[in-house]
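Next up is a structure, given as C-alpha cells.
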C-alpha cells in the first residue's frame, strides 16, 4: 500500500490562475464567451466604419491604420460631451462596494467582471492619455498605453456587460457601468469592432422597422396567425388596424412580441384587451419595433432608430402613444426619446379614453407604459376579470432591469398580476425591485453564441426563482420585457426547467372575461385552462 | 509595490519636514510658504477641476431609480429613492452625502445561512466610511479654534462635546480615536481582501497613508510631544491675517503635521479625493426622474440620418398594398 | 473503530477543506467572495458548493446512492458546466476530496493500517465522479440543445408559417387552422 | 444641460467656506495673549519665581495639576517636591492661586485664546479677583 500517492503529488494539479496584475493578463477568446462580429453588409447599410470580414480570435483585427488616433479622439470628444463619462472616469475611489453586485462576477468569478475593474479597463487608458498623474506614474497609478490587447479586452468585457445598472444602485457616487459600457462600445464601433447580434437587428430595424427584418406583408401574416389562435381560444375575431390615420393611439411594442415564443402570447394579451375596450388605436408597420438595439451601439444609433416613433405618430395624426412590455425599449422611451427626437408638441397629453385618467407623468413625452394603462383600468373597475382562470399558475415576478432601475415601474405590474391571478409569490428581497438580477441576456448578449456566459450570469436570477419554486411551487415567471421573455425561457430551461416564462398581459388576456366569448377551455398558449398541473406541491 | 511606494513617499515627507526644521531651521518655508502654496493649489485646483466637469454638459437625464416612480396618484411613490421634484432630489442627495445611503443599501438581506458574522463586510464598509468622513469633518471644524479669534461659541461647543469623556489631560477627543480606527479598517480591508488588493492603486494607498500620518502626528503632538499651543495659534493667526510670523519655539512634530496636511491639500485636486466635489455632480443621482413630464434639453443634439417613412413606403409599397395596408402614394 | 467513524468525527474539517479546494479552482478574487459571502441569493455558487459538499460527504460515509446527494452533486456540476473550465477541471474537484481524506486521516491510516478501507472510500468517490461525468455531459448537451431551441423560439411564428414546426398533438387543429389561413391569404 | 449657475454657486460657497478663517479675521490684528503677573503677592516677592521653571510650567502645568489632584484625592501624597528639592503643598487654591490670584488676567488669557476650558472650576470656587492697586 506504499504506492498510494502522497498528498503533495496529488495536489500538483493546480487550477489557480497565476496571480498577475490584471493589466498584465490578456484576454483569451474562447467559444461561448464572445459574440460573432458584425457582418460587413450590415455595417455598410448603416454607413458605419470599417466593414470587413474578421473574427475576434484572429491575431490581426484589420483595424484602420490610424485606429489609435480614432479611439483617443473619440474619447476626447465624448469626455467633452458627457459629464457622466468624465465624472465617472475621475471620482471612483475603488471602495469595492460594486465588486460583488454584478451577476457575471457572481456566477462566473472572472475578476474583470467586477464593475470597478470593467470601468478601470477604460479608466486606465483615460489616465494614461488624458491625465498628468497617469503620464508621470504610469502603471503604478493605474495608467496604461492604448494597445491592440487593450482593445481586445474592451471588446471581450464590454460585450460581457448587460448594462443592467445594478452596480450603480450600490455605488456611493452612482457610477453607472452601463454608461461606461456604452462609451466603450461607442469607441469600439468607431473601429468597426462590433457584434452581429446587435448590428444585424439595428440594420434590419432601420430598413424594415423590426429586428428580424420582416417585411410588412409578412408581418400581417404573423398577425393573422395570432388572430386565428385568439379566435380558436375565445371564439372572438379580433380585428386590429395597421398604419391607420386618425386613430387616437399608436401602439408600439418590441417585434419579438409578434414572432417569438412566448412573446406572442403577450401580444395576444394586448390584442384581446384592446378589442374588449374597443380602443381606437393602430399598429404601425413602419414603427413596428419598440426595442432599440441602437442603445447597445451608440447614442447616435439610438436616435436614428427611435426617430421613427414620433415621425409615425405625427404622420398618422394620433393623440398619444402607448408602449408594450419591454425593458430597454422603455429605457429609450423614458430617458432618451423626448430629448433626442422631441418635443412631441404635435401630440396631446395622454388621457385614458376608458377611464378619463390623465397620465400626468407622461405629459411631455406623451407615451404611456402599458402596465400604467392597465393598472388604471383595473383600479377603475373597467375590466371584468376571472383570476381563477390562472389558477394553474403559481406566479413570481421578475423586475426587468430597465423598468426597475431606469424608470421605477415596480408596483404597476404587481398590481395587475395580483388582480389577474390568485397565486403570487415574491422572490427574496435582495433579488427584486431595484436590486433585481439581470437575465444576463440584455444589451445585445442574448445570443446562443454566448450561451455559457449567459447561463452563469443568469445563475443569481435562476437561483432566486428556484428558491420560490421549491418553497411555494412557483411554476411561472412573469416579466415585462421582451428580451426577458426570450432569455429567461432559456435560462429557466437550464436551471429550473419546471418554471415557464410569461408576459404580464398574457395573464391579463387569460383572465379577461370578454363580451360574447365562448366558454374558454384553453389558455392563450393553447394549454388546457383547468389543468391542475399535478406535480405542484406546496 | 504600490503599497510600498505610497508608504515610502509619506515617510519621505515626514523626513523632509523633520530634517528641514531640525537641521536647516527652515521655519519660514515649512510654516509659511508650504501652507500658503498648499491652500492656493487646493482652492484653484478644486475650482478648476469642477469647472472642467461643468464644461461637459449632461446631455441626457439618466437617474438610477431605486424605488417606485411617480405615476398614477394611487400608487405610492418612493420620493427619496426615485424623486420627481427638486425637493426630492435634495432629499436624495442629502441622504447620499450625509449618510452614504447607497453604501448602506448593501446591508439589506433576508434568509442567511451559516455564521452571520462573515456576512456584512459591506455594512462595515458603510460604517467605517461614515465614521471616517464624519470624524474627519469634525476634526477639521474643531481646528478652527486655532484659526479664529475670538473663537466662535459653536466651535467651543463642538470641542467640548468631542472631549466630553474627559479622559486624560489634555482630554481625549473621541473623533481622534474614531478617525484612526476607521482609516485603519479601510486600509486593512484594502490590503487583506484579495478582491480589493487586486483593484487598488497608488492613488488608493497614498491618501490612506497620508491621512494616517496626519492623524498619528496630530495625536503625538497633542498627547506626547507637546508643542506650545500659544505659539501655534500665533503662527496660524498670522497666516490667516496675511501677516505671517514664525517662531522657533514650536516642535518639529508640528511641522511634520503641517507638511502632511499641506501635501494632502495640494494632492487633493489631482486625485480621486475629488469625489468630494464629484458626488454632487453625478448625473445618476442628482437628477429627478421626471423624464416623461419635463423635456430634458441636450445642447449638442444634432440631426442624424434616418430611414424616412417615404423611403420605407417606396421600398415596400407593393407588398403593403397586397395586404391592404394603407399607403400614402397609390 | 472503522474508517467511517473517523471520517464522521472529522466531518467539519473535511467539509471545510473540501469546499475550500473547490473554491480555489476559481480566481483568488472570486474564491474569497464565494467563501465569505453567506447570503444564498447574493452568492449562489458558494452556497451551492458548500451545501453540496455536505450531501456528498454523507453519501461517502453511508455508501448509499442517496438521491439528495446526487441532486446536490448535479447542482454543482450544472454550475461548473457553464463556467470557464475544461471538462477535467469541471469534475476534478471530486478527486481533490481524496487528497483531503488522505491528509486528514494520515495519522489514523498509519496507526490502524486502514488502507484497504480507504480504498473503499475512494472507490465511492470514483463512483460519484462517474455520476458527475454523466451530469456534466447532460448539461453540455443541454447547452447545445438550448442554442437550437432558442433559435426556434426566436422565430417561432416564422418557422410555424413555413410549416417547420408542428405539434403532433395539435395535428387535427392545425389542419383546420391551416385551411382557414390558406383562405385568408388569398 | 450645464447647470452652470448651480455649479458656480456651489463653488462660491465652497471657496467661501474654505477661506472662512481669512474672512473671519480680516482687519483684526490678532493680539498675542500676555498673561499678567501683576498681583499683590507676586509684587511683594523679591525673587519672582514659580515652583518650577517658567518654560516647564507653560508646557506642563496641566499635567502637574492633574497629578496633584489625583494624588491628593485618591493617593496619599499631599506634598510636592520640585526639581530643586523644595516642598510645596499640593493645592490649587493655597499654592497656585495664592500668587496667581488674577484668574481673568492670568489663566483665562491663554485659555480663551486657544479655546481651552479647564475643568478646575467644576469643583473649585473661583477666587476673588485681587489685582495690584496700580492695575485698576
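Think of it as A, B, C and D in the order they're written, each chain with its own count starting at 1.
FYI, contacts are C-beta pairs under 8 Å (C-beta built on N, C-alpha and C of every residue); 3 or more make two chains touch, one makes a residue touch a chain.
On a predicted model such as this, the values are computed, not experimentally measured, just so you know.
Interface comparison, A-C versus B-C: the pair with the greater number of contacting C-beta pairs is A-C. Farthest from chain C in terms of Cα centroid separation is D. Spacing of chain A relative to chain C, judged by their CA centroids, is 29 angstrom.
Centroid to centroid, with C-alpha atoms defining each point, chain B and chain C lie 45 Å apart. With centres defined as mean CA coordinates, chain B is found 33 Å away from chain A. Averaged C-alpha coordinates put the centre of chain B at 37 Å from the centre of chain D.
Within chain B, the positions touching two or more other chains are listed as 54, 57-59, 61, 109, 111, 193, 195, 198, 281, 296-298.
Within chain A, the positions touching two or more other chains are listed as 99-100, 111, 114, 428, 430.
Of all residues in chain C, those touching 2 or more other chains are 28-29, 33, 37, 39-42, 47, listed in ascending order.
Every pair of chains in contact is given here: A-B, A-C, B-C, B-D. Put simply, chain A touches chain C in their complex at residues 1, 4, 7, 10-11, 13, 15-17, 19, 30, 32-33, 99-100, 105-111, 114, 212, 214, 218, 221-222, 224-226, 228, 232, 256, 258-262, 264, 428, 430-431, 448, 451-453, 455-456, 459-460, 463-464, 467, 486, 489-490, 493-495, 526.
The touching residues of chain C, when paired with chain A in their complex, are 24-31, 33-34, 37, 39-45, 47-48, 78-79, 82-85, 89, 92, 95-96, 98-99, 102-103, 106, 113, 115-116, 118, 139, 142-143, 146-158, 160-161, 170, 173, 177, 180-181, 184-185.
Partner chain B is touched in their complex by these residues of chain C: 28-29, 32-33, 36-42, 47, 50. In the complex of the two chains, the chain B residues touching chain C come out as 109, 111-116, 118-119, 121, 193-195, 198.
By the touch criterion given at the top, residues 1-2, 5, 49, 52-62, 64-72, 74-76, 78, 81-82, 84, 96, 100, 102-103, 105-106, 108-111, 122, 125, 129, 193, 195-196, 198-204, 270-272, 274-275, 278-279, 281-285, 289-298, 300-301, 304-309, 312-313, 315-316, 319-320, 322-323, 325-327 of chain B touch chain A in their complex.
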